[in-house]
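The structure that follows is given in the form of structure tokens.
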Amino acid sequence: MIYITRKASFNAAHKLARPDWDDEKNNAFYGKCANPNWHGHNYWLYVTVKGEVDPETGFLVDLKWLKDVMNTYVVDKVDHKNLNLDVDFMKGILASTENLAIAVWEQLYAPIAESGAILHSVKIYETENNFVEYLG
Amino acid sequence: MIYITRKASFNAAHKLARPDWDDEKNNAFYGKCANPNWHGHNYWLYVTVKGEVDPETGFLVDLKWLKDVMNTYVVDKVDHKNLNLDVDFMKGILASTENLAIAVWEQLYAPIAESGAILHSVKIYETENNFVEYLG
Amino acid sequence: MIYITRKASFNAAHKLARPDWDDEKNNAFYGKCANPNWHGHNYWLYVTVKGEVDPETGFLVDLKWLKDVMNTYVVDKVDHKNLNLDVDFMKGILASTENLAIAVWEQLYAPIAESGAILHSVKIYETENNFVEYLG
Amino acid sequence: MIYITRKASFNAAHKLARPDWDDEKNNAFYGKCANPNWHGHNYWLYVTVKGEVDPETGFLVDLKWLKDVMNTYVVDKVDHKNLNLDVDFMKGILASTENLAIAVWEQLYAPIAESGAILHSVKIYETENNFVEYLG
Amino acid sequence: MIYITRKASFNAAHKLARPDWDDEKNNAFYGKCANPNWHGHNYWLYVTVKGEVDPETGFLVDLKWLKDVMNTYVVDKVDHKNLNLDVDFMKGILASTENLAIAVWEQLYAPIAESGAILHSVKIYETENNFVEYLG
Amino acid sequence: MIYITRKASFNAAHKLARPDWDDEKNNAFYGKCANPNWHGHNYWLYVTVKGEVDPETGFLVDLKWLKDVMNTYVVDKVDHKNLNLDVDFMKGILASTENLAIAVWEQLYAPIAESGAILHSVKIYETENNFVEYLG
């Protein structure tokens, strides 16, 4: 069993606010993250897959293939987008890093499984100072 | 003459789009940076001041004072904000990193001059891969 | 189960030396880390907690709360301090990174448990080239 | 149980190409990594060992000793070398990061076990954007 | 006058050795960098241009255009290549970082001048610990 | 004219306090940096030299030679030391980063001049968030 990780990044706007709470309640709970006019981040996404090394090729997965999967199912949908408004797989979900990591996992699990490798971890940095990891 | 630099960061939303251009023209020129629903960044701000070291204190400037100036005149106004909508010193200015660096310089020059030190450089990273420096 | 991590930093002095060993023996074992006049580091502290995402708020824990806990129980006690002389929770403990990580775990476990989340990992970087992780 | 990690780096040339495939087939599978005239990387190696802290010394292992082991068994053999041509423990092995991580594990397991600590993980970054971890 | 910088990276093999010196002399002068079987690096390239901000667009230069110029004239020619064997603009030039920075400058100066901006600096990191800057 | 930079690091203890001020005055001015029991940092030192590339060797200076000069005149004297107590070239000098950068410049200028290259800049990071540069 070996683990290989590929990093990507995307730049997105979001806010933390429940639509069924008023501004006062959202501000009280989410603080400056609830700014109605949005704020944003340079997110870093680390996707780790696990499996056996193919003895013929020396690869667990082809990283160009993994990059393409990450771009198709995640990065192209979130880069230079608004996580609350523009992203199909985040519709109706509060755009916390926790929820984003879970949603990215769900986007990637099946496409990666087609390669024979298994998705092990989705890790998302919102800033250099905080990140979330989801292992399924 | 010695130079001292302090780094700060802020997380903001913005878009690159001229209000007097339609969406098609903005998209053609600014590409995905023109997304009408915004995107965002973790900006890094480096402020460099220059001057003589005070022989009594060993300081060019007190970095806690410089941090306070940077927070009061810049960081508190842009962190978790929308650069196009929420920031007084960016009103009517296209929110490119070039224009932001010039505007931040203008915010900081006079307050820093009060300390006897001179603002030397404002450098802003929009991402790890691109940054702007303005020397006045 | 999801994992969220917050990073903090602190700047501290320490030395590696047993008080019941003489200088020669401490130098022989701990090398330059035993310098009697101390040396120091910019430590990075990563605290990871685990648990379930609250479906109402989208949070595992409020990171502002976690930051406050880390500051109150650890950072305020070690930042700009001498780990051997100034820190209550390191009294009588050799100030290796291993021992520091265990002591930080013991400081944080109960306060974090009050939130319903569980402390998963304390990771401390002494330099960019070495770090210790403690999982309890 | 505690985990301590030491980082090293080495600069090496390599290519990804099976000697029993012709250039066309290697190019089709490995892309630009198959360039017959080689390319290279600044590799980062993270070695993690686990065990109990020695109550007398406060150490899991002496990091100077671990550094020496890493240099003797790995870094001195690969730094400023060609992974395909110059490295005894990579003879006959395709120089993918997966295979390199496994081979480094095999180099380090026994020497580290002599200290009483146990090798837990070998992690190798080929670039900032991809890395492999092997846990044995 | 404002300065904007774009970063790129490329992974290449090279060696430091004069073809008119024998191995002994090359080893004596260049040390392990003269390894006949090559070694390699993840190079980082920072290209800084200077000029006036266009008041209509808020841009000094379009960074997508600058990225394309850097790719066409430099990155595509050196990435996953051997600097001594594969790169037209390094033919007959010893592949030190100093010479590489000067050669990259000469590749980029004219194409960048076509935009109206002026090439200010080419900075190349060979490792995290050493880099060269050339200002023309 | 070309510029080449080499990075080193050292881990040291220090405090900011004038011996002719009492604790109260030192605390009032230097804040937590005046802690009588010291604190410390992982300092990063960047030394930049300038000159002409030797057409025979492709080098401005031999980086191994520059590393040796930096170690002999600076790093070996400050690493794992107390900047206030242990360092000959800091005797009687308040251990601010400004004063340290000037003192390092004075240590390095003459030895580097012997190579024919010229010391251009000494830059010292006290933390990731602040650094001083001295150009002589």
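Labels A, B, C, D, E and F are assigned to the chains in the order they are written; within every chain, residues are numbered from 1.
In this text, contacts are C-beta pairs under 8 Å (C-beta built on N, C-alpha and C of every residue); 3 or more make two chains touch, one makes a residue touch a chain.
If you're wondering where the values come from, they're calculated on a predicted model, not measured in any experiment.
Colleague: What chains, if any, are shared contacts of chain D and chain F?
Modeller: Where chain D and chain F share a partner, that partner set is C, E.
Colleague: Same or different for chain C and chain F, when you check if over half of the residue numbers at their contact belong to both copies?
Modeller: Chain C vs chain F: same; shared/all numbers exceeds half.
Colleague: Comparing centres built from CA atoms, which chain ends up most distant from chain A?
Modeller: Farthest chain from chain A, going by C-alpha centroids: F.
Colleague: If contact pairs are compared by residue number, which of C-F, B-E or A-C agrees with D-E in over half of them?
Modeller: Repeat of the D-E interface: C-F.
Colleague: Report, in whole Å, the distance between the mean C-alpha point of chain B and the mean C-alpha point of chain D.
Modeller: 42
Colleague: Averaging only over C-alpha atoms, locate the centres of chain A and chain B and give their separation in whole Å.
Modeller: 28
Colleague: Could you work out how far the Cα centre of chain A sits from that of chain E, in whole Å?
Modeller: Whole-Å distance between the two chain centres: 34.
Colleague: Taking each residue of chain C in turn, which ones touch at least two of the other chains?
Modeller: 128
Colleague: All pairs of touching chains, please: list them by chain label.
Modeller: Here the touching chain pairs work out to A-B, A-C, A-D, B-E, B-F, C-D, C-F, D-E, E-F.
Colleague: Show which residues of chain E lie in contact with chain F when the two form their complex.
Modeller: 16, 18, 29, 31, 93-99, 101-102, 128-135
Colleague: Hey, which residues of chain F end up touching chain E in the complex?
Modeller: My answer: residues 1-8, 48, 53, 56-60, 63-64.
Colleague: Which part of chain F faces chain C closely enough to touch in the complex?
Modeller: 9, 11-14, 32-33, 35, 37-42, 79-82, 85-86, 127-128
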